[in-house]
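Note that chain A is present in both complexes that follow, paired respectively with chain B and with chain C.
After this line comes the complex of A and B, so read on.
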């Protein structure tokens, strides 16, 4: 069996007296599409924010690609190869789609201040290479017609795609999607499962997503982890989880 | 000819307002804090220039560099010690801190350098260029040229450099900036350093035409008005706002009864708030819910 790309070990986080994440351990293998489900307030987003280093865990470790990441700052995870999206999208609202995506290449920039001010050939070459990556992502996600539009003028569904596009421009090994279908209509949600498949197969990125839409989870994911009250209830194949008695109890009550 | 002469002194005074206004705008855009001590930072810059050049005996250019570097360090320290712990506190609390900081800087300058006025030795004073009937003092030329060069540098910095783009990103959306790999907190320190460096340049340039004294930073209030006229989120707006205030002030001084010149900045501010409250170069958007 291959080495896990991401693993957490006894991860815990409390807000005051509430244990938002309670002793959570799981492993995600390279190439997987791993979904985290659970009722509202189950701690899914807290868990997500721990992995993406927005929160500091009270105890436990997170290991990514053989490296412990539980104590590195949030701005360094991009260069390690982790990208994330947000439930309500966090974009640079006053910029175009293209510029939002180009800044995804920021961590890969290797030029210095003076060569940038003088626009030396090395800077021009880098710009071209960056643009190529961005164009490939635009093609993958069909964003051609929005390239030069400012984010503020775009419909919600497109913004969500742009955020995914920016994340892909980082060329991450691991893509964290926070409720990719929230706010989308059924048609757009259908599309989500298609591009997740593309991202996973064409880009070779491992995906971890928090998601409410069970049909999307069932279609897109290879494995599912159900959480309730901050703790892991079950991990397994989508259909097993859907029929798992403990999971049903967590959602429907006793 | 008189009009042209006034215009030139108005432009040079306006550049000083503009430089301080840009300091306001830089910090506001990046951190959404208003640094009311920006004018006093300029005052400190003038005193530091006095210290390096007149007391330590540095040549002028070296002294200017030392002033910029030392005030930038002061800026970083202010951010780290006073303002970083205030992240997440109400804007009003932050505002009070910077107002308090202004009091402290004035008291500090009075205690260290004394309250009598000082003059910074410089290569400009006393020299004049004559163009026909107009005469332009070297010190005014220095202010205008210095401002032009600084604006060009800032433009190139924000337009072309990775750091400049990272700064814009951090000011537009912190969370998004973190996840494309931008160290937002370090950027905030840098913004304070840059804004302090701007204040240092303003201090050095204004020292030859104004007296160096602890209360010289009060022109920061007029610069604040200039920043609002310009749109408060826009660096070009800050300069334009500064020029409008500076030029209007000169003409008010000549054509209106005595005393009106000093109120010009606020009169323009009032008119602006009536006619176009978002400023000339509106960048602030109404927050959508």
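After this line comes the complex of A and C, so read on.
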């Protein structure tokens, strides 16, 4: 078996008395679409925040691509190749779709402040190269008609797509999607599974997604991890997890 | 209405969107270049002052309007620029170099205030920058060997390669050259990665971080650049004043600068110029209205700051996008004439964002 792209080892995090993440260990293989399911407050988002280093773990390690990342600062995560979306979307509200996506290219910028102030040819060349990448992503996710619109004026479904697009502009190895289908209508949700497939195949990105919609999870993912009260309940193939007695109990709350 | 069909990426990074824009800006450039032939000394002086304020405004706009960090202490950078410039000129440093030094030293001061306040926003940052300005004011008042303290110092007349620039014409062109240069730098910054990083911080710090933006560096950069522009404005302002003393750079000056960017329209460089014109005209309007008002009101000592504050509050409530925002609406009204609907610009309810990270 090949080396895991991401692995966590006994990861724990508490907020006061609440154990949001409790001794969580799992591995994600390169090329996988790995889903995380669990009832509200199970600690799924907290887990994402740990991986993207917005939160510091109380104990445990995170290893990405052979490197321990549990003690590097949050702003270095993107350059290692981890991109994410947020549950309630965190876009740059007053900027256009294009400029939001260009910020995804930030980690690939090689120009310094002085050349930027003078907009030297090197900066202009880089801007054009950035647009090439951005435009490919726009094509992939069908965002052409929103390209120059300001985020504040866009409907929710489009915003969610723009956030994914922005993350893809990083050209990440690992993409973390926090509830990609929440707030979307059934057709849009249908589309989600299609573009997740595109993303994992065309971009070769490994995907970890938190999702409540079980049919989407079953369609899109190779493996599923169920969590409840911060702890791992089961990891396995989608059908096995759906029928797992402990998972059912976690959801129904016996 | 005009729709621009973009066919090449190059069109995205050009400074002007289309030929129509190029035409209007060229016309504007011509008229400011020709202004000395049409305006008398007084108005030319006022226009120079507009340019000086605009330079400071560009600096403050980058910080407040683009990075989302508020400052109530920009008078300090204006002062640092003015005193540095004067000090350099007294020692025979050539004018362009001296203006550059004024900007650089201000930038250093900007980093000094930017670093310790990295985690502050809103009202806390306003108070911290205010405190910084007070410290600088006190420093100027007491460091008599350099600044002359409350006695003040005389600013040497500007000259370049032996030619005096103190006449209203040459000084006007000096200010015009500086404001054009600063505007060019600011526009470049805003279409580059660093400029986008600043806007990202303004709109969402956590997501900026997750996009690989180092908040500490980016905020320090914002403070440094903002202070540098304001320092350059300070250097020119010194000539305008002719005589420097600490009471030229008080809290009122800081508020005036903030008023300029807010009234002009946050988040736009057009707004800076609208704001600068407003700020220069306001004292004139106040002077006229003083004659019209009953004596008891007109003689009130706090009239000027009071009016400033009132305008600031009114703008924030009724037209948060300032004069530039209003101008855009008027322009849209005419371009869509019979079809314009009032609700076009109703502010939309934004989505609930109580759970920021979750």
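Observations, loosely collected:
What we mean here is this: the second predicted complex is superposed on the first by the 254 of 254 C-alpha atoms of A that agree within 3 Å, B and C clash if a C-alpha of one lies under 4 Å from a C-alpha of the other, contacts with A are read in each partner's own complex, and residues count from 1 in each chain.
Following the convention adopted for this analysis, a contact is a pair of C-beta atoms (placed from the backbone, for glycine too) under 8 Å apart; a residue touches a chain by one contact, two chains touch by 3 or more.
This one's a predicted model, so the numbers in the text were calculated from it and none came from an experiment.
On the superposed chain A, the positions of chain B and chain C overlap enough to count as a clash. By the touch criterion defined above, A:172 lies against neither chain B nor chain C after alignment on the C-alpha atoms of chain A.
Once the two complexes are overlaid on the shared chain, A:109 sits against chain B and chain C alike. In the superposition on chain A, contact of A:238 is made with neither chain B nor chain C.
Looking at the superposed arrangement, the partner reaching more residues of chain A, out of chain B and chain C, is C.
Of the two partner chains placed around the shared chain by superposition, chain B and chain C are both touched by A:84. Within the superposed three-chain model, A:75 lies in touch with chain B and with chain C [touch as defined at top]. Of the two partner chains, chain C is the only one touched by A:128; chain B is not.
In the superposition on chain A, A:95 makes contact with both chain B and chain C.
Taking the listed stretches 3-11, 21-29, 309-317 or 327-335 of chain C in turn, the superposition on chain A shows a clash with chain B for 309-317 alone.
In the superposition on chain A, the residues of chain A contacting both chain B and chain C are 52, 54, 73-79, 83-84, 86, 90-95, 103-104, 106-107, 109, 111, 113, 116-117, 119, 152, 166, 170.
The residues of chain A lying in touch with chain C in their complex are 45-46, 49, 52, 54, 73-79, 83-84, 86-95, 98-99, 102-107, 109, 111, 113, 116-119, 123-124, 126-128, 131-132, 135, 152-153, 156, 166, 170. Taken in their complex, chain A has these residues touching chain B: 52, 54, 73-79, 83-84, 86, 90-95, 103-104, 106-107, 109, 111, 113, 116-117, 119, 152, 166-167, 170. Residues of chain C touching chain A in their complex: 9-10, 12-13, 185, 188-189, 191-197, 199-200, 202-204, 206-215, 221, 267, 348, 350-353, 355-358.
By the touch criterion given at the top, residues 156-157, 160-163, 165-166, 169, 172-173, 175-184, 283, 285 of chain B touch chain A in their complex.
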